[in-house]
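Shared chain: chain A. Partners: chain B in the first complex, chain C in the second.
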Partner chain A sequence: MGTTKIDAPAGVPFIDISREFDAPRELLYRAYTEPELVKQWLGPRKYEMVIDRWEPRDGGTWRYVHRDDDGNAYGFHGVFHGPQSVDGMLQTFEFEGAPGHVSLDSLKFEEQDGRTVIRTHSVYQSLEARDAMVASGMGEGVNEGFIRLDDLIARLLAKEPAGVGSAT
Partner chain B sequence: MGTTKIDAPAGVPFIDISREFDAPRELLYRAYTEPELVKQWLGPRKYEMVIDRWEPRDGGTWRYVHRDDDGNAYGFHGVFHGPQSVDGMLQTFEFEGAPGHVSLDSLKFEEQDGRTVIRTHSVYQSLEARDAMVASGMGEGVNEGFIRLDDLIARLLAKEPAGVGSAT
Partner chain C sequence: MDQLSSVFGALADPTRRAILARLAEGDRTVFELTAPFSVSQPAISRHLKVLEGAGLISRSRRATARLSHIEAEPLRDATEWLAKYQAFWDERFDQLDALLATLKPSSEPAQQQEGA
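For the complex of A and B:
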């Protein structure tokens, strides 16, 4: 199981995250682009995950809602910039609880010897918005989501060990 | 005629631009969203401006090409995030001559007494990318574009003095 590294460097409005997974990048790309897979891992376990739309293509939009047992709902949405592929993804991100604060999030899949490091680089419109995102406890949610992603790829690899990596 | 202020603050990857125009914000919003108007002002005069697409709505994409007399072509593209309105616009921006470097650009129209200040705030994925944009001479192009925008709104106001501001 990999270790999630989250870096919020002083003085610049960035958040950088890296995490290694025991899977080829094609499988991780599927987990990030197929909504039936995305809903199985993105975010903490305690939320019900409802994906309104998930269109990983230039100009495609995405939106999902996390609901907890107390009836609270947390919506998120954004758009994809440019072609999305195993070579990288790029999207905007807005938490609907803090409307008007938008980040630009890039993602890379770096595969070596069958394992893949995911690296995200998020840029915020102000240092204050970046700091608020860090203070929101996002790190815990990201880490728990990645543990769920470990489980998802293990299930997918167990189901179709020969098929993975042949599709592009 | 207004003065274009361009600020690239030290240590953070931002470019902030402000410029006052002698027009209500509804007219400026039209100049930013109607492609037949956009092509009349955006960028330096020396380029032929060809707009491939200009879709100011959530998930809409935009692309244009500047061509000079020597046959050089400079393409730019991006996507719009969220609803676009006189209350603000938000889009990604990529110069195709430096692929992979994308900024997130917000725009506000601040009207007072019939005049409108346009403020843009652009965030880059690195300080180096921001500095490269400044070094590219973008300031001169921005300023010349705004002078052309002065001319455009003067033409529009002369043509339809009573109609401006009534449409939303």
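For the complex of A and C:
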């Protein structure tokens, strides 16, 4: 359906993600706020997703755990801030594998003609914090302008000389 | 992991990306690399050092000139990571798509079977 656009503007510790859905924003808001619905889509398929808390109101907290088949568990938690509504949501995000590295994630639901674009804007404490997220491989981090680099990289790899190692 | 971070860091700079693009066409000397840019040769040398530190290029000597050579492997690792990140979000949102379809008041006659 929609294409997920991921952008990490250079020089600022942000990540912006957008995606269009064929649904009114009321439905998206439900999918983001009702725990029974949240757990059906938020976790990667290969993990079991357990939601401990999901309290989408000012000051409410959330926590969920991803568990894989080998028994590894990855916990995430945060706090909802301000009014949560069909206009948008605001929450902190922390991977329990990197305590203290907290990002502030805002979410906007923009509906037009029955379709809704969601836009998330994540603010990290520093570029280094975002890099740490990247290095952890656990998800909500990405480095500097790199996402927009995939074309360049594809080009670079395509042009890679076939066989290096000429004996001289 | 550490290498991946330094690869991302090295790629963060537009000049360094342009240098890599040039090197993808073939090995170059610092002098050849400096020509198209409005930056000094020492500045280009510093960029090359960063790229070399990230393992993105290697440098060798040809007579008196030092040649820079692009190394594809770290880029491939970075690309794989990037693909994983994109896949992570694609999967998440595809699941959301599927869920939303079940939440919608069904308009198709086939699904009109009383849902109460």
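For this structure, a couple of remarks:
To be clear about the criterion, the second predicted complex is superposed on the first by the 132 of 168 C-alpha atoms of A that agree within 3 Å, B and C clash if a C-alpha of one lies under 4 Å from a C-alpha of the other, contacts with A are read in each partner's own complex, and residues count from 1 in each chain.
Basically, contacts are C-beta pairs under 8 Å (C-beta built on N, C-alpha and C of every residue); 3 or more make two chains touch, one makes a residue touch a chain.
This is a predicted model, so every value here is computed, not measured.
Touch criterion not met for A:L107: it reaches neither chain B nor chain C.
Of the two partner chains placed by the overlay, neither chain B nor chain C lies in contact with A:M89.
When the two complexes are overlaid on their common chain A, residue A:R45 makes contact with chain C while staying clear of chain B. Touching more residues of chain A than its counterpart among chain B and chain C is C. With both structures placed on the common chain, the touch criterion links A:R30 to chain C but leaves chain B unconnected. Put simply, chain B touches chain A in their complex at residues 11-13, 55, 58-61, 77-82, 90, 92, 94, 102-104, 106, 121, 123-125, 127. The part of chain C that touches chain A in the complex is made up of residues 1-2, 4-5, 8-9, 11-12, 14, 17, 20-21, 24-26, 69-70, 72, 75-76, 78-79, 81-82, 84-86, 88-100, 103-104.
Against chain C, in their complex, chain A makes its touches with residues 1-2, 4, 6, 10, 17, 19, 21-23, 27-28, 30-31, 37, 40-45, 131, 134-137, 139, 142-147, 149-150, 152-157, 159-161, 164.
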